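See the structures that follow.
In the two complexes below, subunit A is the common chain; its partner is subunit B in one and subunit C in the other.
Moving on, here comes the complex of A and B:
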């Protein structure tokens, strides 16, 4: 709760700092110290020493899972600010406002990870989405950014409409918006719950870009400024997944036999479409967009299994995927050429950056000793507790093998190709060492996942 | 009046909205259709809210507050819709400045 209030206040502070602070480094310093503060406040709340206790009237519950998940999200945003904040200057003139919007998104993220009412879920999703439409279109002169924003906006509000219809039908059937063990009213037909649940399911699948609702993802991720694609594909996606799982765990846990099969179908389609299409991409940015669809397929396993191992898995997966992707996108934002050839010979010109990038790519592909491997392992372990899901796990492993191909294309370009004629990208010292630290973190989480998972059961 | 009439009316409005979003090419009209979907939901929420209140009164609970949260939700939807309108129209205007058209067929350019 404290982190929610603080990030809302920080959003306002950032808006004021746009005309109070003239220097961009000063704005950046305020934003970074702000996110550090949010992280600290959240850690204090996690150790049961909150500054404020607020009666949320059963609309929000900050349980361990929500608090630990928020910590991962805030840590990811801190690393994102450290690595990518200087690149936001290139997007447009409203430097401080971008940070303000990101802090407002963090408010939505806290709502989505801790809601206990469909009202707060809806508000959280919208507080995340509306600033994201703006960030997508923030490169005002760039036609691709404009198109991405319009497309994202139209598709996003359409799916919001579907979700609201689902919520209204569920309200009719339950007589309440609470997601804590709601029961069907005796006078209402069960078809209302089924229809409402399906509509909410479609809308959430759309927001996490699970196939066949993924069609907007490549265009929007490709068109948005790279720094903001990084934020969208990691922090936001992880948070919406947490909300998705929380909703189906609390509100629809009783109907699991009915929806489990459909989740399995969506998982298979998502893994297949994401991985196979990523193989044929020529631009690294677009490849990462498809890879984020493929990773969403793995994250859907937590929804499919819906048990303790799955929840541990989604936490670890969000951390592993966010940290690795933030690193890759941060390097990508500094490249002059977004094709695979743009990475040619990077190991020669910037060995440290290339090394860190290799760790991130290995983590995304799920190679042992990285966080990505142990996260995928937890997901598959969670799925195997459901009888009859061996075929699903085998399929997922095959698709992970396919993903090795397109991730290793980048590594091959960096290490086994000669540098091109174009000038090599420059990386400042601070950037390089933060990237190395991030790579170390990815390996550390892969070797000792208890460092994070142990927090769930303090 | 039976609740079924309200459900049918709001589902009809909602379907008109969906069909409009899927078939129209003008960004502003698509946007209006999305607003129609949201308002269909508002109507349904108010109808359900009244229905839950009536059910509570029938069960001899005259001081019941059942159904108030449904009407509350409507206000939140209105606020969010207003925020969406301001951002959405800004995006459409930005688009119009660059290409002098609000036709969404243009969006296919991203799929090179």
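Moving on, here comes the complex of A and C:
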């Protein structure tokens, strides 16, 4: 709760700082100290020492899972600010406003991870989406950025419409917006519930870019300025997944037999489309967009299985995927050439960056001793403990083997090819060491996953 | 503790090696490290043979049901000894080879050794999987950076093949863990599992594909000749001499005792594939003009025989495999050392471009002939003891076609004689071909490495009991674990 209030306040502070602070480093310093503060406040709330206690009247419940999840999200944003904040200067003139929008998105994220009412879920999703539309189009002079923003806005509004309609139908069936009461209902749901549930399901699947609702993703991720793609593909996606799982766990847990099969279908399609299309990409940025679809396929396992391993897994997965992707995008934003050839010989010109990048890519591919492996491990375990899912898991691991192909293309370019003629990208010292630290964190989570999972049950 | 040090020494020295500046120092450092590992492993076979020294356990990832448990059993002893012996031989035998960024090359080689030791020692399924992958990644970089012209696509194929297999194995491992009584990955819990026949069949194939790719068994062998050809020779030696044994160890320790029913049920099918592979690979080997590819195909045939003998499920076959695990590694490293010498000195490894080397390099010829004869299992060489036991085992297999299997596999031996003798004739004898470089005989380091190999070949050929004793108890216990006859008596 404290983090929610603080991040809203910080959003306003950042808006004012745009004309109060003339120096960009000063703006950056305020933003970074702001997110540190949010993180600290959230950690204090986790250890039951909140500054404020607010009665949310059953609209929000900050349970343990929500708090741990928010901690992961805020930590990811902190790392994101440390690595990518200087690159936001290149996007456009409204430097402080970008931070303001990001803090508003964090408000939405806190709502989405802790809602107990369909209304707060809707509010959270919208608070996340609207600033994202703006961030996507923030590179005003770039046609691609404009196109992406418009596309995102149109498709996003459409899915919002679906969601609202679904919520209306559910309200008609239940007589309440609360997600807690319906669990008591009998297992045979009326038509209204099934229809409402399907609409909400489609809308959420759109937001996490699960196939076949993924068509906006590559264009939007590719068109948006790279620094904001990073944020969209990691923090936002993870948070919406948390909301997705929370919704289906609390509100539709009793109907699991009805929707489980359809989640399996969507998972298979998402894994297939994401991985196979990523193989054919020539631009690393587009490859990462498709890879984010593929990773969403793995995250859907948590929804499919909906058991303890799945919920622990989604936490680890969000951390592993966000940390690795933030690192890769941060490097990508500094590259002159977004194609695979642009990475040629990076190991020669910037060995530390190439080393860290290799760790991130290995983590995304799910190689042992990185966080990505443990995350995938939990997902597979969650699915395998659900009876009759072996075929799904075998399909998923074959797709994971495909994913190695496109992740390792970057490694191949960096290590086995000669540097190109274009000038090598420049990485400042602070950036390099933060990146190395992030890589270390990815390995640490892979070797001692208890560091994070232990927090879930203390 | 012995078990722990076998992993720790190469791991630590491998990481340290990256910090070394000079090439010469890196090479010497790697040799010293490998000698230290060899000393420790010999200590584990002689003075400190008791359970306390061979067992190591520490808590790790307990929330997942895993632990850092190592165990040096009979098969593990043979393979750890092989790994420990192989590295000094490889480093000595290729002492003249130069590498760009040598410190990285030797660092990765040692890391791969740590990974392989881990695979041979792990008594926890998740740990086994970790080491399985950790052995693979240094190999990927070694072959892709220092390999031949087509190294990048070829190595990539190898990597994807192996990775796909290991992910299927991971699925099987997680499934089995969920079925254990204590939700644990420890090998003891896996051995106590009692799964239905249908479940066993599923898991069997998930595991078998991973191991079959690694060994490799026909028809999953297509990555192997290309990779052996393109990888730098020192890496090829480790790949073919030691790393392929990971697949066999997987069968011995993780597949057949855990899934005895499915192993019995599908054993016949596997043997057919393995035996097709023997004949197929031998036929292709006859037509090869490249020495490296010839040896690569011959290796497929040898490994196929070991795989078939394991599934014969009797004591003779098993003991044959145990001793052959070691023999095959030593012999093939010996062959590679000489191929490497030929290629480095004369700039070619095409059989058609070579000839008459025996006149100028008699010492090398003697060594090569002895090792090649061991490779085709002539009596009094180490290959004979192993292959004899394996054929004996194959003949006694509980299959209706045991005799047919033995005869067809025996064909492989004849074909092996054809291609091996052909190779010797065309390379070392016959008309001398004008070579780009003057032909010189062996250097001191090469003589030492090859003499050691020949001593091992003759010793194990004349007195194979020294190795058989090592694994005798293990084989008997293993036979009890995979025995399914009590299920039919009920």
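In the analysis below, the second predicted complex is superposed on the first by the 450 of 458 C-alpha atoms of A that agree within 3 Å, B and C clash if a C-alpha of one lies under 4 Å from a C-alpha of the other, contacts with A are read in each partner's own complex, and residues count from 1 in each chain.
Convention: a contact is a pair of C-beta atoms (placed from the backbone, for glycine too) under 8 Å apart; a residue touches a chain by one contact, two chains touch by 3 or more.
Since the model is a prediction, treat every value here as computed from it, not as a measurement.
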item	value
Touched partner set for A:143, first subunit B, second subunit C, both or neither	first
Dominant contact partner of subunit A by residue count, subunit C or subunit B	B
Partner chain in contact with A:415 - subunit B first, subunit C second, else both or neither	second
Partner chain(s) touched by A:450 [first = subunit B, second = subunit C, both, neither]	second
First, second, both or neither for A:16, with subunit B first and subunit C second	neither
Contacts of A:51 with subunit B and subunit C, given as first, second, both or neither	neither
First (subunit B), second (subunit C), both or neither touched by A:433	neither
Which of subunit B and subunit C A:262 touches, first, second, both or neither	neither
Partner chain(s) touched by A:385 [first = subunit B, second = subunit C, both, neither]	second
Subunit C contact footprint on subunit A (complex, rising order)	362, 367-369, 374, 377, 380-381, 384-385, 390, 393-394, 397-398, 400-401, 404-405, 408, 412, 415-416, 448-450, 453-454
Parts of subunit B lying in touch with subunit A, wherever the complex brings them together	7, 10, 14, 17-18, 21, 27, 30-31, 34, 37-38, 40-41, 44-45, 48, 51-52, 55, 66-67, 69-70, 72-73, 76-77, 80, 83-84, 87-88, 90-92, 94-95, 98-99, 104, 106-107, 109-111
Residues of subunit A defined as touching subunit B within the complex	119, 122-123, 126, 130, 133-134, 137, 140-141, 143-144, 146-151, 153-154, 157-158, 160-162, 164-165, 167-169, 171-172, 175-177, 185, 187, 219, 222-223
Residues of subunit C defined as touching subunit A within the complex	61-64, 129-130, 133-134, 137, 141, 144-145, 151-152, 156, 159-160, 163-164, 167-168, 170-171, 174-175, 177-178, 202, 206
